[in-house]
Every structure is written in structure tokens, then in C-alpha cells.
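For reference, the structures are reproduced in the following blocks.
Each of the next two complexes has subunit A plus one more chain, namely subunit B in the first and subunit C in the second.
Showing the complex of A and B:
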């Protein structure tokens, strides 16, 4: 089902299918989820079977996003009655505390859950998000590092850690995180490009030399990548100001030629910018 | 100084559209002018690196930059004040001889009562002082700016597609 076709679903099965698709594709459509979910929960409860509880969970999260407290209340109460203090319900209670600004209570729940099950990745992530929300950046970094000791293959977590470092202009640490991401996605142009930009941002000759290679790799992966062309141009200019060499001169000329070609037909003139 | 006229409507409009275009993200832009802010140039909606910043500043070399604007997702206890990134940019601008450097901080949540704050970097280039600013700006006045302008191009967009014009001359 195409994501554009989610709206205006008629019939309860179509609405339920749409909710399932939105959940599986991890789309963010809280208004639509609330609209379909509310209809299903009120008018078609007896038809839903076990899907009723999935819809309840979907509507709970959608109600937080759309500020619909009556639905938050309805769904959490229904889920509490049915499942008691299970992991998912407890996590929802924590999120509810977060939403109402009761961060200490939320943290207490997450810590209790992690004491019981230290391998509960979703709760680790809530705890990290809570630290970020409350501006406790050092705690967020420490918790992410602890999490990554166990879940080393979690690329989203490496990206999150890199994002925190980048937000605080800690390029060396961000580049370290991106090394892990590059290993998992060696042919992803955007990942290579971001890694190269971080290496360049560190600003030492050694790192800029390495950045030059990764910018070139990004251009090889996507020969339309203007951002990588600019990166290559900057690296060559940086290296030129130190110890000049023939390879760098050739690469600088190549970067200029690529940029001039890329800017043909652009409203921005760059010929006077390229030294 | 008439702070409400210190920043031209065009600059406020562009910065508001830029923020609205990228909800849930940190956005950054440059304020250009002479003694007053005449225009705003949207820079980034992704985490800025030195590489991207240098390219942006190279492209803006024809403009007289007198400050920056930013809208960040902040922690619950964080104040509306310039980020480390913007502070470093302002200090670099000051070191290059700029007389006054300003930062316009815009709330990411437009439901807040004080939606904007204007700061000026002191002469030593170390601290920001908050300036008096037209308090009448609220969610409605910023939302009004969006009418008829759903799109705006920043340097990030331009680097992805050089045919897109970050000067946004269609916005008047």
C-alpha cells in the first residue's frame, strides 16, 4: 500500500490494514492513526480480536503526539487492565510521565525496568532520550556508551551518539562513531560524505588527507554529489597551503572542473569563488 | 536603537519560514546588512560541520554578515541562548573585525510566550548580552509570514542540488 493512499480508507478492514502498514513502515502519521484508531476502538471493537491491543498501543502514542488526553487515558487504562505491569505497558507509563514533565518518575521506571532486564534495548533508548530532553548531555553520552558496549551493531545508536557529539562540536568523537557507521554502510554516499566532513572538521593535516580520500570515494559513489566536490576542493586547498604535491594539484584541478560542471545552469555563480 | 525595526521584516520572514520548513530540527542562518539586519540567508537544517560552514561562508562572501539566527531543539532546562556552534561563528566574525555581531534565537516551539531573543556579542567577543526586542512577536505573527511561502532553500538544499537558489529572491 502506498503511503499516499492511507488517507480516506473506508471500511474497518482497510482502516486496520492502514494502521498495520503505518506501524510496519514506521511512518509518523499521528492524526491519521488517531482518526482510524478511534473509529476502530469505538465502533468495531468486537471485530478486532487481538488486534484491538495493537490499535490501543498505536492510539496511545498518536494521542500523545496530537495532544488528545482523553484517548491517552482511555488506551493506557485498557492496556493496564489487560496486561498489568508488563514491559511494554511500563514503558508506556514512563513515556506518559515524560510527556507530563515528570522526568524523575519516568527515569525511576526505566531504571527499574533495566535492572530487571538489562537487554531491553527500547528502554535503554528511552533513558538516553530522557537524558537529552532534560539537557543532561554527559549522562546521555555515558549511557549511550554503556548501551553500545552491549549493542555494538546498533547503527541508530552510533548515529545518535555522533549527533550528540556534533551538536557540541566534538568532531573527533563524532568521527569515531561514524567509523562504525561506515563499516556497516561502506557504499552509502551520505555516510561516507558525513564521515569525510567530520575528518575535515578535526582540522589536522593527517585527518584532512584522510578526508580527501573519503570525499573522493563519495564522488565515486555518486558523481552528482556537489557537497563532496566542495569537500574535495576544500581539502585540496587546505593541503596546498601546507606541503604542495603534484597529486594534490591534480585533484584540486579535478575538483574545480567537477564544480564548474555541476554549476552549469545554476543561478549561483562560483567561478570567482574558486581560487 | 529601535529594536523592532533593527531586523527587517524580510529577514524575520525568511528565518520563520526556514524554521517552519524543518520542524523538529535545528536550523541555522546568517543575518546580513550593515548597521541593521536587512536580509537573512538560510544556511543549514542538518548538523553543521566545519566543511559545510566554510563552503557556506565562501558563498556568502559577497554579503556583509552581521550575525546569525538559530532555532534549536533544547533540553527542558536549557535557556534560549546561542549554541556553541553559533558562538564560535560569532567569535570568528568578531575576530575578522565586525563591529557588532548579533544572534537571533528562535524558539522551536512557537507556543512559547517569548518566541525570540536577540543577543549581541560583547566587544571582548566572549559573552552575549540580551537585547530588548519587540515582544509582540508570537505564534500568530510568525505564522502569518508563512502564508504563500511553503518553501525556502538553504545551503544544505543547495549543496544537494546546485540549481536551487539559497538567496530565495521569490520571498519579498
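Showing the complex of A and C:
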């Protein structure tokens, strides 16, 4: 959605609606949230009713993003006073610890929360993210695997696991995780493209052959996708160095032609890049 | 016909009824807030639902992943004995259905609501029946007689006069908005206050039979005849571009 839809809302109801909308759509607009939230919390406290606490929560997260400690302080204190040791407030305490770099305290909170409520997906994710932040990659992978045993259909988690594996050059594991994402959005050009790149990175002839198929699929889904064209070109070059094969030569020529067409009118000399 | 209503009717009947209805409403909300059982979804429930979702997705879009990827997943789900969909889960379906506590909770909620309403109604009708308590400041048609003059059978009486039992009902049904204003703080983070004040039958958790769902899913997945969608894409690609 366009960001202008939400900016410059006048009147407290419009501001509140904008905040609700941002929350529901899970958009990331900390400045805007802080701006609206601050007005609502200071000038319209009595009109908000129960929404006051939701706004408080929004402003809390927004204030962490924008480094506005006075708002962090204000909102967490208000929420603490109101709700005490509830799940959402506890998670916020954990995030606050993370924010100030006290990772051990944060971890303690998350672990405590997960023992009492092992189905709290958001806290699981915080814990995994915390492991990743502190560089404990093995723990992050293990925790994520435990999480995925319960929440198998959580695409976001599969993506994160693929990302962790990728960052550590475990391409086949990453490809396995990414297959989950391919399965859930088979028409998404970027997903197909990324999967193809993982297959190519594994580097065996069999996988590169597969990668070639997926690069073609990505180009079919989006014929402007230069990255997929380069991928196809690379795959064909890789396969060419093996035994000569008619289809591959044709595809290589096709990839070159597509790239030359895509770079028409660009200052980059494409013929220098295509050897 | 103009009636002059005694001011002590206002002081001793009208105001007490409204106050009592309001207070009982608050009490009821408080009680249901306190008694509200923490209904966490069972772990098995989540595990099975998510696994079935994943397997359904695999069934729908299997043709986009390579054969090895499909087979590895199918054997994860369907391998005899060890496959995920062969796992035994405690069947919460029958348990839920038969579970006396979950039914009891529902009955308790409904009963609390029904009993307080009935008690109050009998209190109003035994102490205050026959009173004309108030007059609405706008004209009403005859159709509203049943609403405003319950318990007072006077055809000649103007419809705008409100009888005591009618006032009780009006107050009872009109209370939700006021309650949510007053009790908002208590219930912040809760669902809509209306749901608490008037629990509905049949809103309980729908029972699921894990065994059946998993067997059906397993059979469906076993039936899938794998074919790779990208087979022969080379020819198509060369033709298209």
C-alpha cells in the first residue's frame, strides 16, 4: 500500500484508524506511528478508551525503532502499571532488555515465558532472533528446528532458517527450506529465482540443470527479470563446460540475446560481460 | 391523558432499578472475567493442524518442486509406521465433546447470565409491578406498546409512558455500551464486552477428530501422481522467447 495513504491524517479518529490499519497490515512506519501515537496519548487519552493500551504498545515498538527513550519509558511504565506480568508486557520487557544490549536478561525472560506457554510463537521467534543476534548460530538453528516441529506451516520461519543456512553457505539445507516457500507461493518470480540461485550455488551438474529450469520459469513469470537471465546464462555456461549438448547451446544463445535486449540503451557494454 | 408521576417513584423505583441493573451488569462482567478459563490451544492441536496445512500445500503445488523434494516430504508424512501422519495423537475431538469441564464452563456462563437476569426480573416484577416510571420525551406509535408498557394493560394510556418491567428490559439491553465505558479498563485486551455479557451457545471450540483428518490427508497424499511441471520447459522457453 502507498505510504501516502496514512500520512497527514487529521482528527483523532482518523489517526486511530491509521494506527489500527498499520498494525493489521503489519506495516513498518515507526515515525508515523510515533507521531500519531504521541498526539493520541497526550491529547486524546480520555477519548481512546481501551484503544489507549493498543496505542501504547504501538508507540512502545515505534519508540524503540526511532530511539525515543522518553516514549519507551512512558509507554512501558503505563503498560506495566496496567497489566503487570502478562505475556505481551513480558515480551516487551524482553525486547527492552535486547534493546539495551542486556541479552542474558532477555533470554531469561523468553525462556521463562516459553516454559509456561510453549505455543507462544512470537516469543519463540524473539528467542531465535536473539540467538542470531548474539552469534550463536547453532543454537538458533536448533531452536528454529524445534519450533518448526510444532509450527510446520510457518513460512516465515522456514524463510528465516533458509536465510541462516545461506549465511553459513549450507546451500542444500537452505534449498530444502526454500522448497517450502516455493510450495506455498509457486507463482512468485522472486521465490523461484532465489530457489534457482540456491540450486546453482550447490554446484553439482544435476542441481545446475534443475537451476536452469527454475531460471527459465522465473523469466517466464517475469520477462523483465535480468537477474534470472544472468542466472540462466551462468547455468548454461556451467553446463557447456561438461559435454556439448544442443539444447544448452540454444539456451545459451537465447540467454545472451535476452540480456543484450535487456541492456539496450544502457551505458553498460553488455558484449564485454558476455564472453 | 397527562399523568403526573410522583417524584418518590423516581427516587425509590426508577433510580434503584437502573442502579441495580447497572451494578449487576458490572458484577456479571467481573465474575465472568474472573472465572474465564484460560483456554490455550492444545499443543497437539497446533501440531496436527499445521502438519495437515503443510501437507495440503504439498498436494496442491507439488509439481513445482523437483521430484526428490516431493518424495522426501511425502515419505516424511506418509512412510508406513514412522511417517508423521501415522503418529498417534491424543484425540481431543471426542475428549472435547465429552469433556464435562468444557461443557460445564459454557453452562456456567450461560446459567450465570440467565439466573441473574431471572432473579432481577422477578425482583422487579414483585416489588415494582404496575408502576409507571417515566415518560420518553418523543412520540411513539402503538406498536411500541409492548415494548414500553409491559405489565400494564391500559389501552388508553399514552405509549410514551414506560412501565417498570419495560424499564428493566430497556436498561438491561441498553447497558452494554455504558458497561464498556465503565469497565473498559478491566477488560482491556479482552474481546468485545458484548461477548462476555451475553455468552452465546455453540461458541465453544469445534471438536476435531485428528485420526480421521490425518488418515484422509495421508491417503490423499499417497494418491498424488508426481509429475514435474518444469519438464520440457526448455522447448517451451525457446519457442516463447
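Descriptive notes on the structure:
Definition applied: the second predicted complex is superposed on the first by the 270 of 275 C-alpha atoms of A that agree within 3 Å, B and C clash if a C-alpha of one lies under 4 Å from a C-alpha of the other, contacts with A are read in each partner's own complex, and residues count from 1 in each chain.
The working rule: a residue touches a chain if its C-beta (ideal position, glycine included) is under 8 Å from a C-beta of that chain, and two chains touch if they have at least 3 such contacts.
Owing to the predicted nature of the structure, the values given are computational and were not obtained by experimental measurement.
Steric overlap between subunit B and subunit C is absent once the structures are superposed on subunit A; the two fit side by side. In the superposition on chain A, contact is made by A:163 with subunit B only, not with subunit C. By the document's definition of touching, neither partner reaches A:79: not subunit B, not subunit C. Within the superposed three-chain model, A:101 lies in touch with subunit B and out of touch with subunit C [touch as defined at top]. In the superposition on chain A, contact is made by A:136 with subunit B only, not with subunit C.
Contacts of A:200 after superposition: subunit B is touched, whereas subunit C is not reached. Within the superposed three-chain model, A:218 lies out of touch with both subunit B and subunit C [touch as defined at top]. When the two structures are aligned on the shared chain, A:40 is found in touch with neither subunit B nor subunit C. Touch criterion not met for A:92: it reaches neither subunit B nor subunit C.
With the two structures overlaid on their shared chain A, subunit B and subunit C come no closer than 18 Å at the level of C-alpha atoms. Residues common to the contacts of subunit A with subunit B and with subunit C across the two structures: none. Within the complex formed with subunit C, the residues of subunit A that make contact are 49-50, 52-53, 82-83, 86, 88, 117-119, 149-154, 176, 179-180, 182-184, 186, 192, 210, 212-214, 216-217, 219-220, 223, 247, 250-251, 254, 257-258. Against subunit A, in their complex, subunit C makes its touches with residues 40-41, 43, 46-47, 49-51, 53-54, 57-58, 61-62, 64-66, 69, 72-73, 180-181, 184-185, 187-189, 230, 233-234, 236-238, 240-241.
Of all the residues in subunit A, the ones that touch subunit B in their complex are 101, 103, 132-137, 163, 166-169, 171, 194, 196-198, 200-201, 203, 211, 226-227, 230-231, 234, 262-263, 265-268, 270, 273. Those residues of subunit B lying in contact with subunit A across their complex are 26, 47, 49-52, 54-55, 58-59, 61, 74-78, 83-85, 88, 158-163, 165-167.
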